[in-house]
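Next up: the structures, one after another.
Below are two complexes that have chain A in common, paired first with chain B and then with chain C.
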Partner chain A sequence: MHGGRVRRSRRPRGTEGRTAWAFVLPLVMVELALVAAPMAIGAFYSLYRVDYFELTQFRGLGNYWTVLTSPMVRQALGATVVFSLASLGFTIVFGMALAMRLEADTRVNVWLRAIVLIPYIISMLVGSLLLRWIYATDSGLPGMLLGPFGLGDTSILADPTLAMAALVSNAIWRDSAFAMIVLLAGLKAIPAQLYAAARVDGAGAWMRFTRITLPLMRVPLLIAVVRLLIHFVNVLTFALILTGGGPNNATQTMGLAMYRLGFIDFRIGEANALAILVFVFNIILIGVNLLLFRQRRGVTP
Partner chain B sequence: MSAPLQQRPARRWRSRRRTRRWAGWVIDIAIAAVALGPILWGLSTSLKPAPDILAYPPEFIPSRPTLEHYALLFRTGIHHFVLNSAIVSTAAVVLSLALGSLAAYALARMAFTGKAAVMFAVMALMSIPLPSVLVPTFTLLASIGLTNSLTGLALLYTAYQLPIVVWLLYGYFGTLPVELEHAARIDGCTRLQTLRKVVLPLSGPGLVASALFVLTFAWNDFVVAVVMTSSEDVKTLPVAIYGYLGFYGRDWGPLTASAMLSIVPVIAVFIAFQRYFLSGMTGGSIKG
Partner chain C sequence: MTSVSFTGVRKTYGDAVALEALDLSIAPGEFVALLGPSGSGKTTTLNLLAGLIDADEGEIRIGERVVNDVTPDRRDIAMVFQNYALYPHLTVFENLEFPLKARDRRVSAAEVEQKVEKVAATLGLAELLHRYPKELSGGQQQRVALGRAMIRDPKVFLLDEPLSNLDARLRIRMRRDIKALHEAIGSTIVYVTHDQAEAMTLATRIAVFSNGRLQQFATPAEIYSRPANLFVAEFVGEREPVLLEGVLTGGSGRMIFETAGGMLTLDGAVRHLDALAGRRVVLCLRAEAFRAGREAGEGDPATVKLVELSGPDALLTCALPGGAEICVRAEPNAGFARGDGVWLRALPDRIAAFDPQSGTALCRWE
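Coming up: the complex of A and B.
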């Protein structure tokens, strides 16, 4: 009798486990088939010479060597570093400024937050397209704005430095809102009494910002930095649409280089090798992201 | 003697407050102008007749508004691409909500071996950047013949958005009172029936937030679609716009018009469901 009771209470748990797995299985299958399997195949292909999707010759780490020593990839690495760091710096600063300015839940602020988010929620392709039209000499806007300074003939997207600046401006325009949302959640978690107490003690605005806001925003700031960095290192739409990687590959970032190598030059083996290399770098960032995520479940990764 | 002395600081204080308020308005307007400027400029361009687009100095409000560029787009069949985008987005939303709510329910309410591993995988998958998996994914899809199909695209979008859907719904299911489910179980409902008849009807906000994520992702996606599809009949709207960029070149009327067609639905949905968007972005804690 005693044994029977134990068995009865154990059996449902066994079926419960099976039911649970039946519920989770579709998720696991889809992710295995469409995310994990491609990565495995990509790693496999990266070891071969591939001609139009036919594996023709085993090259070992040859593709990796070719990719690492190619001037195109080295240039892309340089462009990616410049683009990512500049975009990251400006996006975080603007995001923080927006979050502090729009923190109070007044009606105007709620509307402004929504307005600032619009560049973020529309298609990246369309955003870059619209900016390209602004920077285009044909639109007449650069001429009108720069004309008074004697720079009316400047063709922004044809100058390497200006084109990079334009690319960074695209990132700022779209992603500051993301930083704002992440940081806003952090700001709202800071108790108002802290500021009141500091004010009583005679702390000015700058003092309150550096001694209270910044230290308490460490985790949200780190989350925003890591998330944006993952995005900036990999993004290809900005460069593809706004500058086309030009002039003279000056704005060809890593995401675009991978795309070029794979889908325009059709060097699938090398493209996979580059993708794996970038992915290894991403894994480091993703790891940091997960660690931060454990600390504070503030933001959807 | 003493009256003006008392008045002066008060007046100065009041005028300082007035300048501050004016400065505040100027900053607010500048913020809105920077965010919306490119979009409004695109809208203005899309409504101008071709010669006016290149006029210098540029005119900001079209003096002779016209819908000719939109008409041209519809004559050349942009509605096919809009329809394709709508089909793929809907399929991705339905699939990811169906599969996502099953998985999220098991993770939120049931004990099973490997649960921690699944949770970890879900969180890790959320931050994988798409461009880095494009080449291998194309390599795989090409070898099993799923490229160039709306089914393939919908499946990929589902795979990319499922982790976030699971995460959001997992968080939402956790906030529901578990007693209702116990009652349903005692009345003889299976787990699946409990999910369908008790949990899902109570999860409106969570489902809406998840659906919005998938919907905007699938509607906006360009990189996955441009890589995985090539023929006209499965082209989605963003890929078509990219094609226009090559085809119309410097003819910005149709280009900006197609851009407007892509973003108007997104902006409308965003304004209507803003609350859910934000709760989704700040993760897990969706309030009804």
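Coming up: the complex of A and C.
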């Protein structure tokens, strides 16, 4: 009797729980198969010497040591920091400028927004290939524009600094559109009356931007910063296609370093160790950003 | 105290005319309500005065100065917005000091503090200075918005439906506060509202708008009892008046109004209707334009169809023998009930007549 009542009262929750699981389970399976399992395998591989996918020797944390002390990784770390910070800064500024310019829903702006989105929508690979042609010495734009002045041999991708600039430009060209979308949503959430009030109160354009727009855009800005930073730290395609890491590894970012260790040098164990380290770094990055989020949550619109 | 005037001001948005040739002149220290339904041009008028939008034609003056090309911050006005437009990321104190700091970057902290405290004391905000707007009630936010407008001591206050987001009781209380404020500071106030009761109770003069045109600009009493046209007659007043179309006959102290639904005798002061004998008109019949009695022979006979009791009085819906229905105000303890016979005596000086086609007022008041 007692047991029966308990069972009856629990049944609805049971069905509900089962339904919930039924909804979540497919995603959990996919997540397990495509994220958790490879990561576990990767972590396991990172402890071994791996020759052509064959585990030949247990090395403990040896791979990690090799990776951490390798000059190549150190250089990749430097390149990644330069690339990520430069790309992030420019992308946010351009994204904000685009969002503010294209905020009003005029017909022209709707078209311009679509055009701005093109680099973001097309495949990253295609985009980077396009830019490689554009920056190429012989067939590219610099040769075409500077050639008549006798400067036709300007070679962008062969100069370490210029190549890094080219890589950053690739990131800006593609991801400003992403920043624009996120920031546009934030801008639209600010009531127009606030700007009208500020104008009547005597605030000029710059003051309206710094005292109204920026503080009220904190959350969208943080979202854009977090997403873009993680993207820039990990991105492989730009460097792989546009510069190939050159010249002399000047543009070899962490993503590309991992790729080279694993698929060109076939040092699978070390590549996995590096991947795990980058993963941990990413987690720290996310944690720091979440902390920033939480600290000043009180003042959203 | 400053005057405000509009001369031939017109504003269009593409093909849509938001405001048509507006002429309006507001005396120093007046409290003017811009009244009308949405899309009537009242908010456009306010925004033009604030400088938030530019006029296509015409001249706007604040005092003696033409302000068409003056930016909002240099017009010496302050505005209270419908949703208060408080800066959500700033505290009450920071909201109040914003206009001072925006105008003059080098204003001294002591001066700012003194002004903020003075305004906060006037509006009872002293306890709330370190709260954020979302931690305040609607009425408190409203007062902060007023305070932000007052702090600069502007020549003209512009208020855009400042009470529409408050609940009914608070609205009535704030209404009184705003009126008291106007009497205390004496500034010119231009107040946009779609609530005729707000306009009637607050304003020294009301400008009624419809379809981008100014319909009438007069004192509340005049707007109510002598509307310029049918739109004003219908828009103003707690309750829509009964409009009956018919023919006026007779004259010199006694007129008969014949409609398809029955007839009414207009006895006594009908001089404003005299010239209309023999004409087809629309009469605007408000509930207080009749006395309802039980004694036979006083006015016209009718039957009570519906009794609505409100605290101070009872509203009777009465049918004339021909079927036309009229609403009449009566004493609540007169004890009328559905089906009772009633005698309606019209008070002609409370009845206005309009042209059935154009809707403009026909009567001549002296």
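One rule holds in what follows: the second predicted complex is superposed on the first by the 259 of 301 C-alpha atoms of A that agree within 3 Å, B and C clash if a C-alpha of one lies under 4 Å from a C-alpha of the other, contacts with A are read in each partner's own complex, and residues count from 1 in each chain.
One rule holds in what follows: a contact is a pair of C-beta atoms (placed from the backbone, for glycine too) under 8 Å apart; a residue touches a chain by one contact, two chains touch by 3 or more.
The structure displayed is predicted, hence computed values, not measured ones.
> Which term applies to chain B and chain C once both are placed on chain A by superposition, clash or fit?
With chain A aligned, chain B clears chain C, so fit.
> Tell me the contact category for A:G143 with respect to chain B and chain C: first, second, both or neither.
A:G143: touches chain B, not chain C.
> A:Q193 in the overlay: touching chain B, chain C, both, or neither? Say first, second, both or neither.
second
> Contacts for A:L228 in the overlay, against chain B (first) and chain C (second): which applies, first, second, both or neither?
It touches nothing on chain B or chain C.
> For A:L216 in the superposed arrangement: first (chain B), second (chain C), both or neither?
second
> Looking at the overlay, does A:P38 come into contact with chain B only (first), chain C only (second), both, or neither?
Only chain B; A:P38 stays clear of chain C.
> Looking at the superposed set of three chains, what is the minimum CA distance between chain B and chain C in Å?
Shortest inter-chain C-alpha distance (chain B to chain C): 9 Å.
> Which residues of chain A are in contact with chain B in one complex and with chain C in the other?
Overlap of chain B and chain C footprints on chain A: residues 298-301.
> Hey, which residues of chain A end up touching chain C in the complex?
So the residues of chain A touching chain C come out as 191, 193-194, 196-204, 207, 211-212, 215-216, 298-301.
> If you look only at chain A, which of its residues touch chain B in the complex?
That would be residues 13, 16-17, 19-21, 23-24, 26-28, 30-31, 33-35, 37-39, 41-43, 45, 53, 98, 101, 108, 112, 114-119, 121-127, 129-131, 133-134, 136, 138-141, 143-144, 173, 177-178, 181-182, 185, 227, 230-231, 233-237, 241, 255, 258-259, 261-263, 268, 271-272, 274-275, 278-279, 282, 285-286, 289-290, 293, 297-301 of chain A.
> What part of chain C is in contact with chain A in the complex they form?
Per the stated touch rule, the residues are 50-52, 71-73, 77-79, 81-83, 85, 87-89, 98-99, 102-103, 132, 148.
> Okay, in this complex, where on chain B does chain A touch?
Residue list for chain B touching chain A: 27-28, 31-32, 34-39, 41-42, 45, 53-58, 99-100, 102-103, 105-107, 110-115, 118, 120-143, 155-156, 158-160, 162-164, 166-168, 191, 216, 219-223, 227, 238, 241-242, 245, 250, 252, 255-256, 259, 262-263, 266-267, 270-271, 274, 277-278, 280-284.
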